[in-house]
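Please read through the structure below; I'll follow up with questions.
As written, the chains take the letters A, B and C, and residue 1 is the first residue of each chain.
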Amino acid sequence: MKVALFIPCYVDQFYPNVGINTLQLLEKLGVEVAYPTQQTCCGQPMANSGCEQDSKEVYHHFVDTFADYDYIVTPSGSCTYHVRKHYDIIDQTPAVQKVRKGVYELVDFLENILKVEEIPVDFPYKVGLHLSCHGQRGLRQANASEIIGDKGGQILTLLRKLRGIEITQLERNDECCGFGGSFCITEEAVSARMGQDRIADHVRNGTKVLTGGDMSCLMHLEGIVKRQQLPMKVMHIAEILNGSQP
Amino acid sequence: MNHPALAEKFAKDFNRTTWHDETLWFVRQKRDRAIYPIPEFQELRLLASQIKDHTLSNLDNYLLQFEENAIKNGVKVHWAADGEEHNRIVLDIIRNASSIKGKTGPIKMVKSKSMLTEECHLNPFLQKNGVEVVDTDLGERIVQFRNEPPSHIVMPAIHLKKEDVGETFHEHLGTPKGEKDPQALTEAARQHLRQKFVEADVALTGVNFAVAETGSFVVCTNEGNADLGVNLANVHIACMGMEKLIPKVEHLSVFIRLLARSATGQPVTTYTSHFTKPADGKEMHIVIVDNGRTQQLGRSDFRNSLKCIRCGACMNTCPVYRRSGGHSYDFTVPGPIGAILSPNIDLHKYSSLPFASTLCGSCSDVCPVKIDIHVQLYKWRQVVSKENELPAAKKWGMKGLAKMLAMPKVYDLGGKVARSALRILPHGMTHAQSMNPWAKARELPDAPKQSFKEWYSKNKKS
Amino acid sequence: MTSREKILASVKANKPSFLELPVISAFEGDGSIERFKTVLAGIGGHAIEIDSKTDCQGVIDTHYSDLKNVASKLVKASVEIDINTSKEVLEQVDLAVIDGIIGVAENGAIWIPEVNMINRALPFITQHLVLVLDKTYIVANMHEAYKKLDTIGNYGAFIAGPSKTADIEQSLVIGAHGARSMMVILY
């Protein structure tokens, strides 16, 4: 099993610790992980802005970078979704098909490929889970409240294995945070308001550590937490699972 | 004005935005409670979607079948290529009706809810031609008094508070100043509108579903205003978009089970009325309208937006709609579904609407006919870009970004420079709100000295 | 070319290739009187069970003695209504007592065909509405309801509870334009 690590561009630049924790976690679990250093980005920022034609060369670069691997693991549901869903506009060569099939969001990989049963980590905090829409509704990693009342999902399943953890019961379990890529700039007013409302839900219900599978949502939410100087720590799920403490 | 500007204006009133969001979320929760106990709900969505897909794939034949049966039933069928023709047809029907011809004094029309007539701007046209038009749905009457468009397709006055309605009714209906009790205000509207129902010469309704095999159509209301209007007036005009067709009566069961539950969380609307033949001595007309629909039918990426049954669930669930209000879309049908219908009508005018979304996908999951709304939003964005309707800064910015991201060395260097700049420059400059919209309500992430890649190269690469 | 021809030609040219019509499977459900009554209560209606249809008059006498203008073919009427009755007379009706023919347990709706309405406007213009229903004619869901109807006729309606609106701030108000109350007598 040849496994490559894909660290999304903004994680690479702004959250190297998330990358480090992802890598260490996978290595702890006995996975030999390669990190092709020519990697850049999945191409989503341009495509979501309407410029998927411009993104094509980034798509090709991504495929060239990762075509040799069986699995491409990344701490981002959003990038995974983009490669799987939207790489349909380039020629579907065997390499493209292989990469689209092989790309996995980290937690999905842990649960469904590595079949991780135990997470030997103490985490005695009240943790609020922010579901990223691309992970939840895009990759179906968690139930959607539009469809079913049960709130189960992959990240929740893993979090529950941590010792001492308490999970926040939110009033709105799966409302979007309002990041939305360039939406966070072009629709600043609504984007900020959505984020503020998500954070307020966590504050009201006692979240001390806010986590999730997508650093982009968390970057936006952390920006609000910091601006409002709230006593809440934002951590990517990879950091928690790897044993980092707040 | 584009969506971001109108949305910003709306969101400026923090408490009112909270109220608007919570009011609509309440409806979304009612909808959840109504659908969770039904084990076959997801199967019904699939069936509804497939029935509509089938109907669209055979629409010309179903239109002919519907017309033939309706004519047999004694109904007059009219065809309108666009809004203008639709309005002219309605006026001609009114002027030529035997029960109206020669009437002295103004011709009076009562209308139940029809988004189609909003789309065609029928009211101002009829008023200009001497017809008194009264919208009888309570929400529509409120916005008609206020000379505003509806802000929601199911709850037209959802942007207003009871105090606003109280003031409007004080001005137009003479309710006591300061009266804001919904019960009392509704009673005042009841008394006022009962008079209008009795006086009306002609009643106009929309159509929720049209059944090809019988030539019938179904109208759903909670207030009873459609039936009251139609059954008291001598002339009934029903206006329908051509996509309202379904093949058979048995298919109604699927849609009726989905519609009210999705719209308001009710198990069914109070009145689900099936019109097939006019009452003795009365006239019934159906106006079938295209107005851009055949064009949308020809767009393979977007045609399934024509499956929409106008339940409004995508609005109630949309976190953007709830915080920007229906008027921020500046289109007859607001919200996610409006954002995929409007570019078909005028790409230039509505080019900001496909971007008024985070693509969270909640709209697609809530849609009772499984329209892939968020996928179409993404696809409309590509069309907007292709047709050169993107703002220039965005267009060239994205081209530059793509170039950089295709060249690892340029990307690595660019990232390093940007991070250094963020570390060196004073907070006041990196967070200047005029330059950086991000910083209006958010801090930027701390820029680390090392990227992951740099760390990896130093620590891991052998 | 007329608009009709233009539209039909354009539909023909633009429609996608043919897709099959799905088969609606037989959805079963709880068609009990209890469920019907519970759902009806949830939408603002109210049901009473009696032993025999002839007891209707007693129910009306007990519950609606204060109402003056009663229109009905089932119980003692104080106003005569037919298809030609004027709006002015219809407007004065306080209570209409009408035969329903199918009840739907999943949503509390009752089918009223035109012929039972006496006048098409009556069930809607009356201040209060009573629908009388044979309880063996309650079905579980809308699929069964449409199956049981031989025809939807010239005009007919499912009526579920009293007229209502929530157009002002989502506050539910019973009695918008139509009936202010709705009772179902099950026999």
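Worth pointing out:
In the analysis below, contacts are C-beta pairs under 8 Å (C-beta built on N, C-alpha and C of every residue); 3 or more make two chains touch, one makes a residue touch a chain.
Since the model is a prediction, treat every value here as computed from it, not as a measurement.
Of all chains shown, the one whose average CA position lies nearest the global CA mean is B. For subunit A, the chain whose average C-alpha position is most distant is C. With centres defined as mean CA coordinates, subunit C is found 51 Å away from subunit A. Distance between subunit A and subunit B, defined via averaged C-alpha coordinates, is recorded as 32 Å. Per-chain CA centroids place subunit B at a distance of 28 Å from subunit C.
With touch defined as above, subunit C holds no residue shared between interfaces to two or more other chains.
Shared interface positions of subunit A, i.e. residues touching 2 or more other chains, are not present. Counting only residues that touch two or more partner chains, subunit B has none. Taken in their complex, subunit B has these residues touching subunit A: 3-4, 7-8, 11-12, 17, 21, 25, 32, 36, 42, 317, 319-320, 323-324, 354-362, 364-366, 378, 381-386, 390, 394-395, 398-399, 401-403, 405-408, 411, 415, 418-419, 437-438, 440-448, 450-457, 460-461. Per the touch definition, subunit A reaches subunit B in the complex via residues 7, 9, 11-20, 23, 35, 37-41, 43, 45-55, 57-58, 60-61, 86, 133, 137-138, 144-149, 172, 174-176, 178-197, 219-220, 222-224, 226-227. Subunit B meets subunit C in the complex at residues 23, 26-27, 38, 40, 43, 46-47, 50-51, 53-54, 56-60, 63-64, 73, 79-81, 85, 136-139, 142, 155-158, 160-162, 165, 182-183, 185-187, 189-190, 193-194, 197-198, 214, 216, 222-225, 227-228, 231-232, 242, 247, 249-254, 256-257, 260, 264, 266-277, 279-280, 288, 290, 294-295, 297-298, 300, 303.
By the touch criterion stated above, subunit C contacts subunit B in their complex at residues 2-4, 6-8, 10-22, 24-25, 27, 39, 42-43, 83, 87-88, 90-91, 104, 106-109, 119-121, 123-125, 141-143, 145-147, 149, 152-171, 173, 175-179.
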